[in-house]
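Two complexes, one shared chain (subunit A), two partners (subunit B, subunit C).
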Partner chain A sequence: MNLSDSKKKLALAGVICGLVAACLAYFGNPANMAFCIACFIRDTAGALGMHSTETVQYARPEIIGLVLGAFIISAATKEYRSTAGSSPMVRFVLGMILAIGSLVFLGCPLRMIIRMSAGDLNAWVALIGFVLGVGTGVFALKKGFSLGRAHLTNRVSGGVLPALMLGILILALATNLLKSSESGPGSMHAPILMSLAGGLIFGAVAQKARMCFAGSIRDIILMRNFDLITIIGGFFAVMLIFNIVSGNFTPGFNTPGIIAHSEHLWNILGMYAVGFAAVLAGGCPLRQLILAGQGSSDSAVTVLGMFAGAAAAHNFGLAASGTALNAETQEVVAGAVPMNGKVAVILCIIVCFVIAFTNKRSEGK
Partner chain B sequence: MRKKELKLVVTFHTTADAMAMEKLCREQQVPGRLIPVPRAISAGCGLAWCAPTEERDHLTEVMSSGGIDLEALHECMV
Partner chain C sequence: MREVDARGLSCPEPLMLTAEALKSGKGPVRILVTEPHQKMNVEKFARDHGRKAVSTETDDGFAVVIE
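The block that comes next holds the complex of A and B.
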């Protein structure tokens, strides 16, 4: 089925992805998180022992499903192309920035939309930073930014990340080698097979529709093209209805228990770094997983960078904490970004500027 | 809503090449515009140059003189 030859079908693709996210939230994924790429990569990194924060360790089948879903559908429809060679180590660093910026805000662009649909005004504030970040990336593109072209490579190369994801799935299903949280967000999840099925469907639809949060805003700024944002609109509409019907729609800034904080400057700067890095890397965290699934080793390296960045965010105390309710005093304890996280975000933005204005098209010729 | 017409679509290896193409065409007043690569052509999410089909020879000449590498030339409904 062609999901991209009309805006109605693109909106339908967003609706399908929204239904998947709503189902997973209903059946156990953390409130207001539902389907977050950065959070789920962070949880999976924890399950693999890359960090030791005990509350966020769980091999999320959604991440595995996204990559495998994109791999299977692209292979089945002859769109699988094994490519590599476009500045892989720069992409690794951009992947780290995507994860660190997201974990300072507490969510990737996908979760930003989910949080917006639940009335979390912090996410609407962060959207400002995300749009500005994408805009800065577009400015760099206009100034000739390029990481160089990718080349066709051995077919097996593009299949390595999907194979690694399959390996993690087998470890999760057949052994007790992986860590698994007993409390906190990592302990909250939908049944494994449902999560896997959700990831597979989401991955296949996202591959067919080319769903991308950074790309949708890039296309509006650059070409006044609203195709990709139509998918996001469909996704947002479903999550908004789900949140209202399920009683999760709570407009406000300091809502406890939804894994969010109200440090506006750092919400903006965290997502600014994510938007900027996403344009430079050629796609948001979700899109990187999909591109990796359809054979791009460059995106696979970006995904590995996201794993490293997520691990660093917890090993070095960069990740923000969410606003919570003190069980004893019933007082609201405001979430915050630690000093290390603030320094890291500033460094991430500086690195984005260095990458954006030192990698030029003419150099690759 | 814009009516779909048969157009010449030029795809590139990088987004930067597409941006350079836009700049070159503007300078030389060659008709056309940047578009997202049509889904029928690619699963990628890069940019392409869309122009009237009768501009094929002229565009090829302009790209050659401007040092822009194209990936492929397509004709499709845009």
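The block that comes next holds the complex of A and C.
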């Protein structure tokens, strides 16, 4: 089974993933969050007690399903490869940057597309930053950037993250050890088995289609190749139709209740950091989960970095707040990026530049 | 035959090295990669540039010969 050998199949893959996201939004996930990697890793980190923001704690079965879906399909189609050793700690830091940049914007690249399809003009502004970030990463690649070679390793090593995800699922289903929000975004979710099934399908399709939001723009800039963007096009089309039909399409900036803010500079810079870090890490947050599922310990370390970054974003007050409606006064309270978040994004961008121009490809290494 | 060792490198490095090798000289090139999706990407890149690609499995990945 190969979903990546024609544009029609790639578009179909995007449509399937779009249908999964639309279903999950319809059955309870926050409407324009639907299927956000950064938000759901943040929620899962909260469920594990890595941060204490009570409104965003829930072990999202979608994240577990993505990793397990990629693991199962790659094992079944002989694409599973247990590899490790390509600058793991640099990748950990890049994972932290992916999470922090996303939580300043309020969404990963996947949610940026979902927000764009719901008419949220802030996401269109953030797209500028994301493209510029990817472009900067491409510039670094052309200058010889590389994190070095991964090597084949013990088969069990690549299965550790999928096993840990399975462990979280068992804890969520069979115990009350994990934290679970009673209000806020963490309390809004589709039924657990539906979320898990959605994650498994999304993960399997994304693995076969090589779905990657940063890669799709990187390939256009680097090689004038439009294959990967075709998937995003299919995904966007389904979400646009879903949002229009369900009445969730609201074009504008300061729309209350959609978990977004209108600080344009920080939307741009947050996603600039994400685009830049994603190219350096070899893929967007979604792609990191998929690569981790198919045996890459390096991507598994990036995923752990995202968990640490998401926890830090809430423990140290870096994450932005969304525009909301005050229930008593009916006034719109604008969402904002705290000063700590602004400083963190600047630091993240500086670290990306340091990583980009201090890690060079050399023969034989 | 010229050889490009792209084993273990992250995307898009294998494709960048392939493009560089095809640009820098004529004649066949053997590209070594680790992951199945990288093998497919290199094969497709060769086809898109009017070249024929034949792949074989190796101990630690794949060898794609672009003729």
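Basically, the second predicted complex is superposed on the first by the 361 of 365 C-alpha atoms of A that agree within 3 Å, B and C clash if a C-alpha of one lies under 4 Å from a C-alpha of the other, contacts with A are read in each partner's own complex, and residues count from 1 in each chain.
Keep this in mind: contacts are C-beta pairs under 8 Å (C-beta built on N, C-alpha and C of every residue); 3 or more make two chains touch, one makes a residue touch a chain.
Keep in mind it's a predicted model, so treat the numbers as computed, not measured.
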Notebook entry, point to check: With the two structures laid over each other on chain A, which partner does A:Leu141 touch: subunit B (first), subunit C (second), both, or neither?
Noted result: both
Checklist line | Contacts of A:Asp219 with subunit B and subunit C, given as first, second, both or neither | finding: both
Check: First (subunit B), second (subunit C), both or neither: which does A:His261 touch?
Finding: neither
Notebook entry, point to check: Is A:Leu152 in contact with subunit B, with subunit C, with both, or with neither (first, second, both, neither)?
Noted result: second
Check: Which partner does A:Lys179 reach: the first (subunit B), the second (subunit C), both, or neither?
Finding: neither
Notebook entry, point to check: Touch check for A:Leu228: first (subunit B), second (subunit C), both, or neither?
Noted result: first
Next item on the list: Tell me which partner A:His51 touches in the superposition: subunit B (first), subunit C (second), both or neither.
Entry: neither
Next item on the list: Please identify the positions on subunit A that touch both subunit B and subunit C, taking each partner from its own complex.
Entry: 2, 4-5, 79, 81, 141, 146-150, 210, 215, 219, 222-223, 282-283, 361, 364
Notebook entry, point to check: In the complex of these two chains, what residues of subunit A are touching subunit C?
Noted result: 2, 4-5, 78-79, 81, 83, 85-86, 141, 146-152, 210, 215, 218-219, 222-223, 281-283, 361, 364
Next item on the list: Quick one: which bits of subunit C touch subunit A in the complex? Just the residue numbers, please.
Entry: 5, 7-13, 15-16, 19, 34-37, 40, 44, 60
Item checked: subunit B residues within the subunit A interface of the complex -> 13-17, 19-20, 33-36, 39-40, 43-47, 67
Next item on the list: Mind listing the subunit A positions that touch subunit B in their complex?
Entry: 2, 4-5, 74, 79, 81, 141-142, 144-150, 207, 210, 212, 215, 219, 222-223, 225, 227-228, 282-283, 287, 291, 294, 360-361, 364-365
